Amino acid sequence: MKTKTDKPVLPNLDLPASDKGYFCDARPEVVEPVKGIWENFLNWGRANSLWILGFGTGCGAIELRPLMTSRYDMYRFGVQPRPTPRQSGLFIIGGYASVKTLKRIVRSYEQMQGPKFVLGLGSCTVNGGMYWDSYNTINRLDQYIPVDVYIAGCMPRPEALLAGIKALKQRILDGEAEGANDYARNFDWYKANQKKIITDWNMPDYNW
Amino acid sequence: MTILGQIGAAAFSVFIFINYGFLLAGSMARIRARVQGRIGQPVYQPYIDILKNNARRTAVHHGVMFFLGPVFRLAGGLGTFLFIPAILNSPLFANFSFSGDILLVMYFIFFGQLGMALGAGQSGHPYSPIGVSRGLAQMSAFEMPFILSVLALAIKHNSLSITAIVQAQQGGIANWSMITNPLAVIAAIIAFLGMSMHNPFSVVIAPQEIPIGPPTEYHSGLLGMLQTNRSIFNAAKLVLYVNLFFGGASATEGVLYALSASVLHAVPVWLGVTLGVVTMVIKTFLLYFITVFVGVSFPRFRTDQSIRFFLFVPTLIGLAGLFLARL
Amino acid sequence: MIIQIIVSVGALLVLIGLWGLLTRRNLIKMIIGFSIMDTGTHLIIVGLGYREGATAPILDSSITPGTHFVDPIPSALVLTAIVIGLAVTALMLAYAVRLYSSRGSALIEDFKENAL
Amino acid sequence: MIKRFLAIIALLGAAAVLLPFVLNLPTEEALPELASKYIENAPGELGAANLVTSIIVTYRGLDTLGEVAVLFAATAAVGLLLKRTGNEVGVSHWKSSEILKSGGGFLFPLIILYGVYIFLHGHLTPGGGFQGGVVIATGFLLLLLSGSVDSFNHTVMSLVESLSGFAYVAVALAGLIWAAGFLDPRFLPQGDFGRLFSAGAIPVIYSLIGLKVGAELLGILDAMRCKVRREGVTA
Amino acid sequence: MNPLIALAVLMGTAFTMPLFEKAGLKPARLIFLAALTLLLVISGGILVNLLNGAPDLEVATAGFKAPFSINFRIGLAEAAVWSAAALVLLIGGSYMIHREEDGMYDRMLYLVLALGVTGLILTRDLFNLFVFLEISSIAVYGLIGRGGERSLQAGFKYMIAGGISSILFLIGTVFLYRLTGTLNIDGMAAAAGSGSLAGTVGASAVFILAISMLIELKPFPANGWALDAYQEAPSGIGALLSSAQASAVFIAFTKISPLFGDRLAAVLGGIGMLTFFFANLMGMRQKDEKRMFGYSSTGQIGLVIFAWFAVRGTGMPETAAWFIVGGLLLTHLFAKAGLFWLSGLADKSKGEGGNGFLHKVLPSALAGIFVMSLLALPPFPSFFAKMELVKLLVTGGSWWILTALFLGSLFEAAYLFTWLVKKTKAECTDGGADTVNGDSLVVGKRAGPDILTDSPAAEVSSLLKSSTSLWVVIPALALGGLSAAWAYMAGVFNVIAMAPFAAALLMLLLAFLPGRVRGFLAVLVSAAAAWWIWPRTEGIDQIFAMLFLGGGSLNLFAGLYRKDRRPGFWAFSLMTVLSLGALVLARTPLEIFMAWEVMSVGAVLIALQGKRAAGPARTGMLFALGGGYLLMTVLMSIGTTTVLSPAVAAILVVIAFLSKSGALGLHVWVPGSYAEADNDATSLLSSVISKAGIWAMMIFSIRILPGIYGLDGPELWLQAFNSGPFSFLSGILGWIGVLTALVATIVAVFQEDIKYTLAWSSISQLGYIILAFSLFDHFGWTAAIYLSINHFLFKAMLFLAITGVIYRVKTRLMYKMGGLIAPMPITFITVLIAIIALAGVPPLSGFGGKWLVYSALIQGGRPVQAALAMFSSGIAFLYLYRLIHSIFLGQRKDDSLGIKEAPFWLILPQIVLIALIMLISAFPTVILKPIIAAVGELMPAVIGFEGSTLMSAIGYWNGSWVMYVTMGVFMIPLVLLLIGTGRKTRKVKQFNIVFAAERPYRPETTHYAHNFFAPYRKALGSLMNPLGRKFWEGSAGGVTAVSSAFRRLYTGNGQTYALHIVLFTMAAALFAGVFA
């Protein structure tokens, strides 16, 4: 059990005083990967058992459904959908992410564990897509949460999604998919961007 | 057999049946995929999932009881298996069955459920207790047919010890419980459906309503332990059912043993044991098929419907089986 | 023969008194009924003590050795009974006065305060 | 209507209960053994001419004692119930007829004298303490009715009553100490038969009883006399 | 000491009272009390030298021998009643002075009443009897009228009745004189013996005399006037009326009873029993206190009359007859006087708030003593008297009268106990812990720990100030003395039998000490009792003795957690625990029944201490008494020609014991009493006292019932229970046991209030024990004893833990708690181990119990019952999880943030219990070997230990190995998990949960606990209506309807009462066959 030593504590300013006791206010920590064979082996395991968070954020979610059918069958690659962020490793942001959804995306992303990967599906995550000038969507996803693989297209076909997953698998095997640590290192930058655009932030700074 | 020898044998038999459990789960998933026309996940996928879960770098816990929940659960699974004699007449696979009879096994199942329920309770998530309340309600309902069938067997063979029951069923298919007391077996199988949480009775871990029910807050290493338990617990239940109702597997008798005896005159001990394990694997594999078939083809019952279902027809069948046994 | 008459008259008086007690609603009339019953009883008591042709048990000049005396004990008893009857009637009358002054009516059924 | 019907039934029942007494009365002539014994040895033992008195005062003296207590209790109860509650209005004079006023004045001393005679000669002639007391009380009642006096002196009345009662108890105790038992009159000489001062303490007891009964009845009459006036209801 | 002096002094003072009045109030009162004291001294003196063996005192008056003058004879009975009446008169006098109701006339009448009572008791002359009867009646007429306008009406009606009775008496007396020639009662009896009263006149004269005396004793149909008198007379006079005057008239009645013929005696006895039954039936609906006491005293006097005539026919010796009649009469005399005075004093002190000062310690104790003595509970004389009376009726085989007696006593118990509870329980103004019973939610304000408001010093001073309540102690002391005398005469005056009462008395006397000191004392006494009893018992007795006394001491120790004084709790719990010890040691039927009665009533009194325990405690008392009566019938038939057929005796005994342990049908009082009692008292009730029924059934099956029916030796009585006359028992008991277990468990699942859940769970566990017991074989009984011990362990743990929780959280509703594992870890561990044990999950000892019961059932050839039992233990799992989840796990509410762990006094017993359970789980041989050996002495052993494995014919169980395997299987994954993910896991707070990407709003809205098993309720909905409760409430409603129907008989009109009297005389004449 990690004993609480003198770790820096998040201020959680947006929480009303009465609710402060309900939430953990620790900062996210960087967990350095173990070097060598063992990490490769673990990465092989992580790559071949990608559990997707069943959280359809935008129009891309519909692309996920065909993957379960016999025509595309993602199960072949050890990929299966999981209902809770706790148990899932891969978070697919499908299409536009409105500000309101971004707040939920951030909370779900922060509640995911250990090596977690984000796959930006569709051009809206790359540069805002056709909604680039809309008042309530975000343009670049990776300003808010670290993204591993972008799949361009205004809604790329399932094959493209499979290719994206394949590319992600390769990144994991190469040990480059360290989005979680990146988020922990420049947490303040990310948090500032998020809070700039999300005004009704009634949650703790980091949602354990 | 010295104490250490027994522990070693038990460890070995657990190792065998845990891997069998994983492979069984993996192959069933693959068969289900094949039925749906998909290629399906590789048979060894469960191993990878457990590896991935244990490979997680961070984890969160809500308190001591939450942390101990999976330990209780796995202990329950292992314990249930260890109290059942897997292979007849083979000290290697007799596990610790000398410490208690069928009642011990039936009640040890609760040990795992209780631990899981307590751990889920402390997670603080409302979905867990809802899942637990549904699970307990359903469990107490399907207990009835299972109890009646076990009692029927106990009356028939005038003994509660599993080894004695298996011993009584040796010597050909005629004296399997399936033949001597079909009603009890039907009731037991229906109860088995309830136990396996497959579709008609999967309201406990209904993914869409309450994301996987009780273990909703479990993740990384804790979830890995829960998955290991699912395999060994399944294996234990299958072995128990085969022992009670389908003649079990013996290291000194059985169809395969007779074949090899006719070929080799004196069958070496290790061959007898492996043949026993093979018969057990085959029987359990076929038994598990029943739950998969039923699971794939039925919609989900609400909890009160499943309670009313279990306490009506299967209980009557069980009672009939009981009277049949007393004739 | 005389005893027969006295005792039956006494019994008759008792019945008349009882009838008065049971049917008359006025308190005073009930008390009068009681006193009639008392008198009836006293008559019976004295009547039973009488002997044919006997005289009062008082030894004065006119007593000759052969005279028979009436049984003295009932007459002693009747004296006490009369005094007690007097006392009870006096008390009842006192009650009747107080009841009348408290309720302003002398009918027994107006005093049913503590029914049940 | 039901009550009337039940009353008739009750009456018939009572008659039926009393019938056996009236029909087959015991008729044997001879006095019972106890009564004849009384008649034989009462004059000898007690020396009183009036056997009934000797029975009342000595043989069954406890009855008489009880009787006095009964009368005393009744007076006390009547006093308790009807004592001056202070809300009486001054009672106007009783306008009685002229005959009653003058006759009363004339007859009063005679009645009192007659009463005293009765209880003094209780052991000789018929009558005794109770009868004498009642006669005296009637005398005073006459005064009351004639309106010539409107109230009696309470202290004297209660004094007479308590002293005579106390004396009676004293005489009874004296019997216990000097004579053979409680209420035994023979601690005084029997004197010669038929005289006034004879039969031991019997005349003393009887006169004490006479005084007490007279005073008590007077008390009852006095209590009854004051009419309690309630607002609006004239007596 | 010549009684006549007393007469003289009384009369002298009465006559000269006006003189003393002149001298001033003080001297008048002094002389008044002096006279009464002298009366007491004389009567006491005579009683003392009669007790020392002097012959009956014969006193003649007027210097002449008996027939010629009036004589007094004082036997032991007359002396006892006379001195008792004198004592009551003295106290009544001082009560009157205290209430400033004593004018000159009052004192005069009072002295005359004393005179009348003395005369009535002593005189042997019939006419003199009449005179003294009139003296006392007139004194009473006067005194009744004193109470104000309504008492005048009552007085007048009383006089009408008195008048009629005196006229009848006169006629009867004079005709009797005419026939027998004498007025002396003994003379008349001799004449009657020689046949002179044989004729119709003689018979009717005796009849009229009997009826007139009976009217004075207020027989049933004709006592309307008496009840109005009781209601309206001032309390002081009511006390005298019901005690001194009534007893004196009864003694007079007994003196003339030799004259009555047998048929007349039977009719009078019948009327007595009718009075007892109907008076108590009608007493149930009373609102007015004094009228209720009136009903009770008419009923009691009716019972005494019945007893006198019941005893008359049997030719039993004089002392035995007076043992019964005297016991009932004297108890009633003192108790009723005490009650009237207490209610008088309470009215006077109305001003001090609520129902007067009765809820203070001493007055409530006094009220309790008086009511308990009237209900004929041990140790009071009425208990022993009623026992002998029942013995008489049982041997006589008159069942209808016995039922009337029992029903009458139950009705009386109902309304007297309700009065006692209403008067002595301080209104719980501060609401106590909010609770819900059944379905109606009762939300009370936050309750501080229920500490008696005033400090000990205030209590004692207020006591001394109101000096009168000191007077009322005297009748209680008199009752105590009488109890000792009657116990000595009954032969149970030994240390064991008397210990519970002495302990209760001691605790009440020390009420002024602080609570904890008395608590320690109680624990020491019970522990000493345990230590003392251990060598004196063996076999089953020893095991149960340790369960009762050891368990009792542990629970008492837990009771120390509250600082307040709790006078009632310590007294009654110590009494009950010691009575359990006495029960184990009891050998004779009387000792057994006495200990059982004290235990069952003590349990109800313990439950009574709870804030809202009035209703349930009352039901509990009725069940306790009802069970006691059934048991009394069987026990009293011992040693006599056995009139009870074995089956009937067995059924009665079983019903009595099942009502104590709360089997189905007889369980309605259990949930309410357990839930509403103090929290630690419930632990004592459900873990220790409920087992008494089980032990008693065992002892009755081995020693008592076989003893009655001559089946000595194990083979014989085993054969009797398996195939002989008692064989039907095992089947029925089995089904009762299993259905209790099933229904109670199902109901427990749906309760919202913890204590109701645990109460229902206790009932279901008792059902298991009864099921195991019903097998009547070695296996079954071993299972029953093992289950009992187990049930004690985990039920005590559960209730003590819950006590701690409620003490901290102030509420009993589970859904209001949550997340208490953080502040109360030890309590959590206790509850966790308790529910694992209760559910029967393997490593712990609970599984041993389950294994024993099921193997015994299967081996005993009852698979269906085994199946139902296993199913109900499956369901038990539900409410156990719900209990631990709603309280300890889930979301922690804000108001439970500040609470601390349960007090030390509760934690220590819990730790001891955990250690015990762990010991028994790991090494079952420790507890099972002695049990098997103990039961083995009684029945052929069926199971045995081979090494550490328990072998039965069909199965085996090795507790130690199960524990080792479980520990092993538990430790390995734990270590793996700690190494694997332990380092990486971070502790987070309660809202860090995946809440569908939203943040949880409030802890209350995210804690799932209310209506936890809703689907179960939907599935089994129809099974849920409480049939048991409906049945009992229906019958109670019926009885009260009948009672109010009868009460309309009393219209309040004096004339109607006179009519009743005459019609009553006529009816009695018809029955007595006087006419023809």
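By written order: A, B, C, D and E. Residues from 1 in each chain.
We adopt the following convention: a residue touches a chain if its C-beta (ideal position, glycine included) is under 8 Å from a C-beta of that chain, and two chains touch if they have at least 3 such contacts.
Predicted, not measured: the structure shown is a model, and the values here were computed from it.
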item	value
Shortest chain-hopping distance from chain B out to chain D	2
Any chain that touches chain D and chain C	E
Chain separated most widely from chain C, comparing mean CA positions	A
Result of counting contacting C-beta pairs for A-E and A-B, higher pair	A-B
Chain centroid nearest the full-protein CA centroid	E
Chain of greatest Cα-centre distance to chain D	A
Centre-to-centre distance between chain E and chain D (centres being mean Cα positions), rounded to whole Å	55
Between chain A and chain C, centroid-to-centroid distance (C-alpha), Å	116
Where chain C and chain E are represented by their mean Cα positions, the distance between them in whole Å	51
Multi-chain contact residues (two or more partners), chain A	1, 31, 84, 86, 114, 208
Multi-chain contact sites of chain B, meaning residues that touch two or more partners	56-61, 67, 211, 216-217, 220
Two or more partner chains touched - positions in chain D	7, 10-11, 14, 18, 21, 25, 32, 34-35, 38, 60, 63, 66-67, 70, 73-74, 77, 81
Inter-chain touch pairs (all)	A-B, A-E, B-E, C-D, C-E, D-E
Parts of chain A lying in touch with chain E, wherever the complex brings them together	1-2, 4, 19, 21-24, 26, 31, 55, 84-86, 104-105, 107-108, 111, 114, 202-203, 207-208
Interface residues, chain B side, partner chain E - complex	7, 54, 56-65, 67-68, 70-72, 74-75, 78-79, 82-83, 96, 98-104, 106-108, 110-111, 113-114, 117-118, 121-126, 129-130, 132-134, 136-137, 139-141, 143-144, 147-148, 151-152, 154-155, 158-161, 211, 216-217, 220-222, 224-225, 302-304, 307-308, 311, 318-319, 322, 326
Chain B to chain A touching residues, read off their complex	29, 33, 36-42, 45, 48-49, 51-53, 55-61, 67, 207, 211-212, 216-220, 223
Footprint of chain C on chain D - complex, ascending	4, 7, 10-11, 14-15, 18, 21-22, 25, 27, 29, 31-32, 34-35, 38-39, 43, 49-52, 55-56, 60, 63-64, 66-67, 70-71, 73-75, 77-78, 81-82, 124-126, 128, 130, 193-194, 220, 223-224, 228, 230, 233
Interfacial residue positions of chain C with respect to chain D in the complex	3-4, 7-8, 11, 14-15, 18-19, 22-23, 44, 48, 51-52, 56-60, 69, 71-73, 75-77, 79-80, 83-84, 86-88, 90-91, 93-95, 97-98, 101, 104
